[in-house]
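The structure follows.
By written order: A, B and C. Residues from 1 in each chain.
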Amino acid sequence: MIDKLTYSERQSASFILVAVAVVGLLMAAFGNSNQLGVHGVIVMIFAAALLYPVLSAIYAPEPVEDREASYYDDPIKVGIVLAMAWAIFGMFMGVWVAAQLAWPNLAFDAAWSTFGRLRPTHTSGIIFGFGGNALIATSFHVVQRTSRARLAGQVSPWFVLFGYNLFCVLAVSGYFIGVTQSKEYAEAEWYADLWLVVVWVTYFILYLRTLARRKEPHIYVANWYFMAFILVVAMLHIVNNLAIPIAWSSAKSYTIWPGVQDAMVQWWYGHNAVAFFLTAGFLGMLYYYLPVRAQRPIFSYRLSILSFWGIVFFYMWAGSHHLHYTALPHWVQTLGMTFSVMLLVPSWASAGNALLTLNGAWDRVRSDATLRFMMAAAVFYGLSTFEGSFLAIRPVNALSHYTDWTVGHVHAGALGWVALITFGSIYTLVPTLWKRERMYSAALIEWHFWLAIAGTLIYIFAMWNSGIIQGLMWRTYTGENTLAYSFVDSLVAMYPYYIARAFGGLLFLIGAAIGCYNIWMTVKAVPSTVPATPDAPETAAAVPGE
Amino acid sequence: MAELFHRKIERSSIGFAIAIVAAASVGGIIEIAPLFTIDGTVEEAPDMRVYTPLELAGRNIYVREGCYACHSQMIRTLQDEVERYGPYSLAVESKYDRPMQWGSKRTGPDLARIGGKYSDFWHVAHLMNPRDVVPESNMPAYAYLARTPLNLNDLSQHLAVQQTLGVPYTDEMVENAARDAYGQAVPDTDFASGVSERYGEATQVRAFDGVATQVTEMDALVAYLQVLGRLTTAAYQNTAAPELPPEPVE
Amino acid sequence: MEVKEQDPVTGRETTGHEWNGIKELDTPVPRGILLFLIVTHIWAVAWWFFAPTWPLGTTYTKGLLGIDQRTTVEERVVEGQQARQDWMARIESEPYDQILADENLMQIVRSSGRQLFGDNCAACHGRDARGRANYPDLTDGDWIWGSGPEAIEQTMRVGVNTEHPESRIGQMPAFGRDGMLERDQVRAVAAYVYSLTHPEFSTPENVERIEAGQQVFAETCSACHGETGEGSAEAGAPNLTDNYWLYGGDLDTIIATVHGGRQGHMPTWDERLTNAEIRMLSLYVHDLGNRQP
């Protein structure tokens, strides 16, 4: 991988890594609150671990071939591996926290393993670690292929990938040692947040510069979504994380937003993290790998336009549905509710567009589990967005809010949509990247598929049951118009469902582990000598796009 | 027409990016900015007091431990919640909360009005091991809080940042933050009187964790739990809420 | 370089663009989707007219229905109060004896008291009110602060060892820790107390200790626990001759109690619960204590 870089590129990579290590050193030295110091050490180790291979190959022969004549796939390969590693970590933490709710003593009386600290390691680990790496890797792949051009940088893709993973490591390791802002899905502290801004800006510039090299003047839909993902996540992240540290040498900061305004900013962020991280990015994935795998044209270009702009515009109004009946003024809640319902139209338009694209390929769906992953993902996407719009209606939310119903909805989207589309895409991508004819074992993909489906269904049915029971128990009145159940009564009723959910999650985790094995064996397999189709950028003069 | 237009912006990545930012900005601006300008968004509450340094430290432990993952601090405007937990929460009650901890999941009950409901002794026992007092509970044990001395050194910095952000801490409060935190949890010292002087007579000064010689994280967290819902009586006024603010329990 | 093609499966034309093999059909937006768009928009706009929605600088549109979540919930709470009024008013005002005699009303107390007890009292006394270490069993018919709904109501209102001006005060001094008794005396009096409920403990090798303890008890403890150790409701000193223990009746716990003292905290509910609720709970707890003696 380093042999693909020129000497001066290796130099600049080393320079960046040394700079990062120095920052780590400063953090370690001046972090009087020892948590910042711990993170300083982690930063140094991270930088050193990357510096070692770069320095040891710094005088290796330079690449001789014309790099522009091939796609830049090394960062994608590493991104896929990282995504799968984070998937196992994040899902393992998910199963663990699920088990803790059923058997609380699984925290073993330690600080780092209490539910409140582990839960964000699951959410951040899985959303940012697994989801984010998968998005970065696939966006690098998609933007090159749809532009028929190589990535517009040699070092910057690595910077984006590893810089991003440094953020994830800082975030997740922080929760274990008690570094958190307790802002849901934005728990990482101020210095990690700042670092992410640097990484993200690089990502955006790299993406835009690569797009500028495209051979087809029109930008493909998948890239619209990836762009929306990158841009809007940047907006959300910066605004929600504005904070003042109590000292440069301390990990602790206070967000600038107080009380009710913080609540609105937080859920404007939180909801749209769902929209632009967990939805737009993965729609980008869907728009590339589904038609490629199905070998069908997209059902409707016009529908794509409608759903894209609908999603970009409507989603941003919907965040206040997380705050129904709270101290947030009523008028904002009405806006959140109505826009959430209007949002269902573009959401279903996307799901429909995906499913209708499969017309003419249903026999493939039956025989090819990889394509079936993507088909099922589109179905769960339709299901969870319908559920979401339904939950956003105030009277429905009166019942569902604060209960496991929300958690069930989350995982219908997270397992059924985000994870399934990712696995489908990865199974499509891996043989292409490593130039293999196909995945090592089609049977194992089948196994993975059915474990994932079973796990998802058990999970969401358990949570629908527990959530609705919980919500009803909280508000049931006796014939004498007094409340019928105490809170602990409802807690006792949850235990069977918590056990079922942990089991469903375990199935899902086993499926993912099988997926890792399958990928590993595919990578290990001997390459087929001749790639089936030529997979290289067009090096002819670019068609002027802009 | 529209379609033609789209074919055009679809050919320009910069144009497309600008269009995305424009379309995505509207919702947030219209929903967030007016929260700073519309009258009554945050209610008037002249009796609202700030957190003492000990309570703020406790709040930071609450934040650090991620209690929000299981507990809300927001009683919604619904009959059953008002009847179970007390008067619905007002925006003003969290106006000094950075970040707010309204929560999104109730694995455990709402805590917005937990202050004064139980004894310190109960809270300590419960946090040491919830199943000792509530056998059905799935809340984790936080015994290490009682073993960990509270870090008082940087409390002045905490208050100073809050002051910058508009929380009405006086310079005197900022300066005495560590002393006040110590005094609030160690009642029989000279430091204790300063707490009531600066933060009001109603401030609860006592050995929250039952040990009057040392200030632990347990002291801070319990002090915070015992003040939840009691920074102002605004929620009890002009509402159909049947109750009055609870008296402190020793 | 637009090259439109016809898709053999659907018969539709493509848009003429191609990205690494991916093409798009130029299918018009299905009618159903457009209809759906219109319906949801009509629904949304209707809400904007009826409910508070749009911000306007320093105010916002209030909507034609004039609703607001706060007035709505306050109305609902008042309605709820009114729906309970007929029997709540009786619980609030009728004498306890009269209520206890009314089986129908007691039935309501049992069913409605359960949740109230569960959300307020069970944290200490347990969901079944059987208590646990440090928190009294309310079903055993053994009362520290006196039996009957009046006494229970008073305990609930003022609490035990609270800052309430009339709080019940029950302080078991720390005889050992505060140096009022010698180590030996503590052990002796504990042995004596233990023997009250464990006659088999009075073996020849213990009898000396027990007698010494009896001496200490008469001098020190009887002031609160009474000559015979049967306790006193005024002092909140429990009966030590029965087998109901608040902190535990094994020898080690008794030693710990005498050494370190005990100050149980029972919160006051005067201001957290309404009058009627307090009275209902008094009846509920009294009823529990009576049903399972």
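Here, a residue touches a chain if its C-beta (ideal position, glycine included) is under 8 Å from a C-beta of that chain, and two chains touch if they have at least 3 such contacts.
Predicted model, so just to flag it, every value in this text is computed and none were measured.
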Checklist entry - Linking chains that touch, what shape results: line, ring, star, complete or other? => result complete
Checklist outcome for this item: Check: interface with higher C-beta contact count, A-B vs A-C, is A-B
Checklist entry - What whole-Å value do you get for the distance between subunit B and subunit C if each is reduced to the mean of its CA atoms? => result 22
Item to check | Distance from the mean Cα position of subunit B to that of subunit A, given in whole angstrom | outcome: 30
Item to check | For subunit A paired with subunit C, centre-to-centre distance based on mean C-alpha positions, whole Å | outcome: 41
Next on the checklist: Using the touch definition from the top, which residues of subunit C touch two or more other chains?
Outcome noted: 55, 60, 69-70, 80, 119, 122, 127
Checklist outcome for this item: subunit B residues touching 2+ other chains are 30-31, 38, 77-79, 83-84, 88, 109, 134, 136
Checklist outcome for this item: Contacts with two or more other chains occur in subunit A at residues 218, 302, 325, 329, 335, 339, 482-483, 487-488
Next on the checklist: Residue numbers of subunit B touching subunit C in their complex, please.
Outcome noted: 30-31, 33-34, 37-39, 77-79, 82-84, 86, 88, 109, 116-122, 125-126, 132-136, 239-250
Next on the checklist: Touching residues of subunit C toward subunit B in the complex: what are they?
Outcome noted: 55, 57-60, 69-70, 72-78, 80-81, 119-120, 122-124, 126-127, 132-135, 159, 161-164, 265-268, 270-274
Checklist entry - Once bound in the complex, which stretches of subunit A touch subunit C? => result 145-146, 148, 216, 218, 220-221, 288, 291-292, 296-304, 306, 325, 329-331, 333-335, 337-339, 341-342, 344-345, 348-349, 352, 359-360, 478-489, 543
Next on the checklist: Considering only the defined contacts, which subunit C positions touch subunit A in the complex?
Outcome noted: 1, 7, 9-10, 14-15, 17-30, 33, 36-37, 40-41, 43-44, 47-48, 51-55, 60-61, 63, 67-70, 80, 83-84, 87, 108, 111-112, 114-119, 122, 127
Item to check | Complex interface listing, subunit B residues touching subunit A | outcome: 3, 6-7, 10-17, 20-21, 23-28, 30-32, 35-36, 38, 41-42, 60, 62-70, 72, 74, 76-81, 83-84, 88-109, 130-131, 134, 136-144, 151, 154, 157-158, 160-162, 164-166
